[in-house]
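Residue numbering begins at 1 within each chain, and the chains themselves are lettered A, B, C, D, E, F and G in the order written.
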Amino acid sequence: MEEASRASKFAYTFIVLFILWLVVTASLDSQELITGAVIALIVAALTHDVFTKAGLANLHPKRVAYAIAYIPYFLWAMIMANLDVAYRVLHPARPIRPGIVKCKTVLNSDTGKLSLANSITLTPGTITLDVDEDNYFIHWIWVPDEVLNAKDDSEHVEKASEAITRPFEKYLRVIFG
Amino acid sequence: MNGQYASLLIALPLLGAFFVPLIKGLGKKAIKTYVLIITAIQTGIAAWVFQEVYSTGKPIIVIAGGWKPPVGINLYLGYFASLFVLIVALASFLMAVFNFKAIDVEPIDKYAMLFLLLMLGATGMIATGDIFNLFVFMEITAITAYALTAYNKTGEAAEASLKYMILGGIGSSFFLIGVALIYGATGTLNMAQIAQLAGHINPTVAQVGLALIIFGLAVEAELFPLNAWAPDAYQAAPHPVTAMFSAFVVKAGLYAMARVLYLMSSVGTWHNVLRLLVVMATLTVVVAEFSALRQRNVKRMIAYSSISQVGLIALAFALGTQAGVDAGVFQMVNHAIVKVLLFLGVGYVAVQLGGAEIENFRGLGRRMPVTAFGITVGAMAAVGIPLFNIFWSKLRIILATIEVGYTWAAFLVLAASVVEAVYYFRLIHAIWFEGEGERISESVPLMAIVVLLVVLVIAIGVYPNYLWSVSQKAGSDIFNVAQYIKNVPLMGVGA
Amino acid sequence: MSVPHISAFYFGAIALVLIGLYAILVKKNILKMLIGLSIMETGVNLLLVSIGYISGRSAPILSEGIGPNQAVDPIPQALVLTAIVIGVATTAMALSAVIVLYKRYGTLNIEEIRRLRG
Amino acid sequence: MSVLAIIGEVLVLIGTFFYFLSALGLIRMPDVYNRMQTSTKSATLGSLGVIVGVGIWAVGKGYSPAWIVQTIAVAGFLLLTNPISAHALIRAAYKRGIPLWHGSVVDKYGEHLASKAQAEKAEGETPETSEEVSE
Amino acid sequence: MVSILKRGLAIITLLIIGYWLAQGLAGVPFGQDKMLVGQYYLDHVKEQTGSVNAVTAVVVNYRGFDTLGEVTVLFIASTGVGALLWERKKRRTAKTEGSIVLTTGTRLLVPFVILFGAYIFIHGHLTPGGGFPGGATIATAFLLLYMAFTMYEIPHKAFEKTEGLVGMGYVIVGLIGLAIGGYFLFDWIWQTWGWGHDNIGRLFSGGFIPIIYTIIGLKVGTELSGIIDNMLKEEVSE
Amino acid sequence: MNELMIMLFAPLVAGFIAWALDIRGIREIVGILGAAVPLGILAKYYSTIAGSNPETVTHTITIGGFKLLFQLNTITWYFAAVASLVGVAMAFGMASTSRSSYEWLFALMSYTGVLGVFLSQDFVGFFLFWELMTFASFMMVLKRNRHESLKYFVLSVIGAYAMLIAIGILYAKTGALDFGAIRQALYMDAMLGSMSKGLTALVFLLFLTAFGVKAGAVPLHVWAPGAYSKVDQSYTTFFSGALSKAGAYGFLLIYILMGAKLYYALGVWHGHLVFGYIIAWLGAITVVVAGFLAVLQEDIRKLFAYSSISQVGYILLGLGIGTSLGFVGALFHVLSHAVFKGLFWLVVAALILRTGKTKFEDFGGLAEKMPITFAMALIAVLSLAGIPPMAGFASKWLLYEAAISAHMPLVAGAIFLGSGLAFAYVVRFLYAVWFGQRPSDLEDVKEAPLPLLIGMAILAIPNLVFGIAPGLVVKFIDDIMYSLFQIHIPVGGDYFKLVTPTGTYNALLVTVILTLGLAIAGLIFIYGAKARKVPVTDTYQSGNPVTEDYNLSMRRNFYRPLAEALDFWLKYSWDRFYERLAGMFEDFADSLREGFYNGNVQSYAWYLAVVLLILALWGVL
Amino acid sequence: MIGINIYLALIAIATLLSTYRVFRGPTTVDRLVAVDIMTTITTGLMVLFALYYGRMIYISVALVYALLAFGGVIAFARYLEGGL
């Protein structure tokens, strides 16, 4: 994905920042809005280059829709993860079989990779240890048999990705490209 | 001119320091010149304030933000403060001249800022009328001093600075606990109002609070045994800074201690605090003089001498009498002059000859005669020889001490002074009657300062009347708390 | 001699001060001593805030229905803000000095940082 | 008491329970990797529960709806940052050489690093001298 | 043995000191109303300063002089650190690059953190906050940049100049007060011009507080960032 | 400007001018003029302060908040006049011997200091000028010798600070600093006793130390031999002739200010005032010890240095006797010691100037080469040895009478022994330097230069005048005693005759007889005696073999047997004692420094904790 | 707010357990993880207090706190990873 124009980046950053301002102030007072706009403009001018590559393209309706849909999906995943954790913590036998596995992602954008990493970290027994190009190294609290018994590296990656990254990627690929 | 403009005393050094980053690129010399100009203007303002206060006989009360005390913070530029602010500015100005020769380590722009802020800190400490504001200015002074002590970036400098920080940190923490207690008991931070209420607060709180505040300030005021940081810091700091430490930084601490002490004189255990301070001050003198006796590094030797003189001032302040306080102020001024002279001379020798070891002073009379002459006069003055300024103040202090009944303290102090006489004797002898060497050309502006200070030392020695009357007024400013309370326009909050 | 009754906040504050001082008095590593100093400062700040606290009252921000008689003393809070900044400043200075010191002496043990003495 | 308040309070209760679980995991798990597995997630979810719960509860109590906006801001912030810090921590643990628990079954990352180092070494052998000169 | 003795002595000493402090503190009971000047502030803060946050009013208005000093202290620290760690040439010492998670996270967070810092210092008179936390927040943004990118450097010249300029700005605001209202640090916006009197509780009120806090926020932000920069680098031996 | 001030500061100003100009010739003229001014003004005021209706001349200045009171009255005039006389002689001497403007500055500064000490009627002025005088004389010594100047310096500073504490105590107790008020207050307090015995004794002890140092009383004398000998000898004239009198004056001041108080506080022992007795014994010991040491010296400067100490001892002794006769003797001896010892030092100055030698063994037969100097030396010798009709005899005779009439036989014995010792050393001086064989390198020695001779003459004449007419002095002393204590002294007679309760001395008669005798002797010497050449090593020990290591002659180790006899005592030297003390002190200071400032910041933190602990304990308990 | 004591008790236990881990270690990362958990819990607690006192303005305090804590943890983690 090619980089967006400066104006696009700036506009996008400004919009995001202004929305954040609204959230933080939680107010629609005109004075707040004016000030927020001014500050958002200044900060956006200073930071848009850092903040985004895609610029306004991020606000494509499809992406926004997927992003909104992703929230409940992810929350659900997260709650499940925590129930799993509760089980492992509270179980007297402490049922764990940890290991570091390798996945591959189809995501290209940095933001997408970040989201994937964070999503992984917050869900079932997995924490992103490192991301190297498209390889994800993940600490897994219970490495399942099919991953453990994989014949070779590619099968290992395939199985692990299947279990860990794929579920998120279908959303994230749309949202972040 | 409106008295509120005395706030320029604070505003100018701040503006001056904040402006430095903008002229950073102009080079070392330009920055040093700039500092010189700022300190000169500051001296002008301070002189105006001094003139105003002494001619009208009324203090200038700077009311920050227009909030009358105790609601707002006020500066109290009475006889004492206006005198000492002038000394701070003047000493800074003279040392700004010295900077040209003595300071070569980068980054000069940072040095310049810290230099100006050291002046600011001491000015604020002396001028403020609010006890927490005192803390703030004390920290400004202290942190600047930490930075400047380490400025040369040698291991020794860092070592000295760290020692200073640890002890200063403990001191300021307990000072703040003391302030918290006093605030908890009175509900105010204004010094005049605290003085008004001091007699009525819970005696335990008052006692602990007063003790802690004095403890904290005594670290800055270099009282034994809280002064162990001082010789190291004096030795390691850049020479002009050492002179400033001795001339006004420690004085600001001393003044603050005296001010708080007398403000709280209606506290029940006040006299016990005085007695403890007398002991500490006397020991300060004795231990410092002993420590200076066989010192090989002359800068460190003078540092110890400075500490001992400071002990003498503290002793005078701890007597609890008008005579003592007057004498203490008198000594403060004299000591400032003499120590600027000495540290300037010794520092210049160290710059020219590559160190302040005693070996470098042999034959100095032939090599750098004017500097040598200045150091000699400074040394003689420090010993308390007649026709030199300190003779008068030392005499006053001894008489005041014995008058209160601390004959033993006078005994010990004078016994220590014998020691002082011996090491200064050795220095003078080394300078004039030992060693050989070629004549080195001496910087004209610096020698002009040396001569100016020598003239001051002797002029006050021969004709002390003016300075004595000034000191008396300044002393009564500290001692006469009732007058102080009256002078501060307290609005009727709570009272 | 009587046993003073003080609140848990005061107690905690004093405890922090003393723990900090203990570190300064006992630890051989200058960094640990500086940490002690910071702990002490924290204790002092806690003490200041505690002194200004008034039971059953709220922060001295007079919005959301809080009136002048429902707020705690604003002064100590203002003082603590200042004290915290000063503490940060001191710590920063101290750390820089430690960096220089370590570069020159190669040690942080205070028994070996004694070139200036006597 | 409104429904919102009840929902909010329940969320807070769940949240604090997850706090407890999180800390328990911190105690029970055998090594730093597994401790993080159990703790980071629970603490984050716990916070989510507590913070959003407070927002809902506040609205239920009749406070301004701004509460819910602000609490969501905090929760969102934690949701973004907590996994990042967890990631940074686990990476630090690995890079510091803290060994995996003896019961661990696989370490693909270790293999990856080893092969990478070998490749670099092979690559760096020939142009080593010229590189130094050019610098 | 010596060490045990030392520890023991330290503990005994400290316990006695602690007991003494406790005795003193017992005289200022916890939770009681001890206010004198404090109550005056609470009673008059809104009408006199336009600030809802009494702490802010104390910090910026009633005890503004302290705050000027406080700003100075931080400036000193920044200058002092700069002086002590000054080298002709410096570089970072970090051995590993931040992972993509951290770098991307930082990219996303930085604008928000700066915005939030600005929010904090602009709202100092309305919420608990102000220039110092605001500035610290902004500095956190730069800290994150340093943590994520080993090559990152703040724009030094711009930062130093900003530091100086906003510092001067503070003093000049005070001097304008002296010129207009007759007192150094006089809040001429609120008290002379009377701007925002009908706005108490909303953003455009509080006299010069937002101005001062903006100044402080920028100053603290740049200074702390500068300190971070200095601390993270070491000399390049040539 | 007031004449008192002119008188006081003329020397100092002249010194500054001489120093600043630093032009040979002008320097000397300015210096002599400055030194002469006080003498002139004193002469002018003689008629005012003396006579049947004496008046005082007073001047007050306010400096540094202190009121300094200067007064010319009989007693201050007397001491000032003695000092000025010596001062002028010194200036003339220095014109010949000193080539240094530095020396002119400090010599004249010390002159001002001495005058200030004598004229001050309050303790601030007294102390100020005391310090000035000490400082200036120290600078003189410092120029030539570090070790001796350090000794002088340390002891002087100790003395000065002892005085300062005493002054402080008196100020604390009386609230006054001027002599009149203090005297009054202490007189009142003598019976009230609000100032305790212990404190009174302490003040006395402190003053004793302060004045004892300056007077060179044993055991505080250790600075004097070195200091007197290691300066320009013309200056020693003043140093030993006038400056040491400040110490004696101080003892007098003790009587004036606190005599009654001391009497009541310390009481009487066997009919003598206890405090006076102490002073008398101090004097007696000084006379004897310094006398012995003088005898044993091989260096003429050292000899006269010890001699000076010994002679000032007489003054203390006289004052210590405490009777009016004792005072008369002491005050007279102030004058005679000043003139004869001053003269001696000028003679020594001439010898050193012309020969460059200082050891007895290097001198000989100079009477022919320096006849005028020799004549002067002869006057000095006679006066010092207490041979009539010189001033020295009169004063010693009076002291002896005083001791006898006060029933202090041991003290009288000391006077007697002291005179014998003095005789012993001056004889050696007379012979070894002036007579006998002249070493070959002294053949070209010339007579002393004119200014030096004038200086000698200035001091020689009073030796004769007051020797022949001691009544002149005694009469004046009577005025002093009356003005001080409202008593007349029990000495009758006229200008030439002194009559005491126990004896009579007719100076004129003695002079006439002696002149006749001398004339006869001179005739015999000129016409009858024939010079006889003897080897330099001619021994006085008939029969003993002369060896290199036991080689005694008038010029070398003359009194070595005496030294050997006194070995048991000489091996204990105060000098060494003080030096060891100082060494111990410095070691202690070092360990204190190393121990306290041990470099470990944790220790320093502990100091803070300990102070907090003390505060806490003090608060808790 | 009936449950406040229960919440506080749970939070207190959690904090206590985390404190144990801070002191127990054994590795520095263990301690840091525990600190991180504590900061997260504290953030929640602060928001809870905002409700307890009925003051929305406290929420932004929690946010500042969370932010600073995040910065601190990241800095420490990066330091442990291989210097800054």
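Methods note: a residue touches a chain if its C-beta (ideal position, glycine included) is under 8 Å from a C-beta of that chain, and two chains touch if they have at least 3 such contacts.
For each chain, UniProt lists the protein as follows: A = Multisubunit Na+/H+ antiporter, MnhE subunit; C = Multisubunit Na+/H+ antiporter, MnhC subunit; D = Multisubunit Na+/H+ antiporter, MnhG subunit; E = Multisubunit Na+/H+ antiporter, MnhB subunit; G = Multisubunit Na+/H+ antiporter, MnhF subunit.
Computed from a prediction, not measured in an experiment: that's the story for all the values here.
Counting only chains that touch, the fewest steps needed to get from chain C to chain D is 2. Contact with chain B and chain E alike is made by C, F. With centres defined by CA atoms alone, the chain at the far end from chain F is A. Separating the CA-averaged centres of chain E and chain F is a span of 73 Å. The geometric centre of chain C is 20 Å away from that of chain G, both derived from CA atoms.
Chain centres here are Cα means. That of chain C falls 67 Å from that of chain F.
For the pair chain D and chain E, the distance between C-alpha centroids works out to 30 Å.
Across the assembly, chain A contributes residues 20, 24, 26, 114, 117-118, 128, 130 that each touch 2 or more other chains. With touch defined as above, residues shared between interfaces to two or more other chains in chain F number as follows: 593, 597, 601, 605, 609-610, 612, 615, 619-620. Residue positions of chain D touching 2 or more other chains: 24, 36, 40, 44, 64, 66-67, 70, 73, 80-82, 84, 86-88, 91, 95.
For chain B in complex with chain F, the touching residues are 162-163, 166-167, 170-171, 174, 204, 207-208, 211-212, 215, 218-219, 225-226, 228-229, 231, 272, 276, 287, 290-291, 293-294, 380, 383-387, 391-392, 395-396, 398-399, 401-405, 407, 410-411, 414-415, 417-419, 421-422, 425-426, 428-429, 433, 463-465, 468-469, 472. Within the complex formed with chain A, the residues of chain D that make contact are 18, 21, 24-25, 28-30, 33-34, 36-38, 40-42, 44-45, 64, 66-67, 69-70, 72-73, 79-80, 82-84, 86-87, 90-91, 94, 100-101, 103-110, 112. Taken in their complex, chain B has these residues touching chain E: 2, 4-5, 7, 10-11, 14-15, 17-22, 24, 62-67, 70-73, 106-107, 110-111, 113-114, 117, 120, 124, 130, 132-133, 136-137, 139-140, 143-144, 146-147, 150-151, 153, 158, 177, 181, 184-190, 201-202, 204-205, 207-209, 212, 493-494.
Considering their complex, residues 1, 21, 24-25, 28, 30, 33, 110-111, 113-118 of chain C touch chain F. Across the complex, chain G meets chain E through its residues 57-58, 60-61, 63-64, 67-68, 70-71, 74-75, 78, 81-84.
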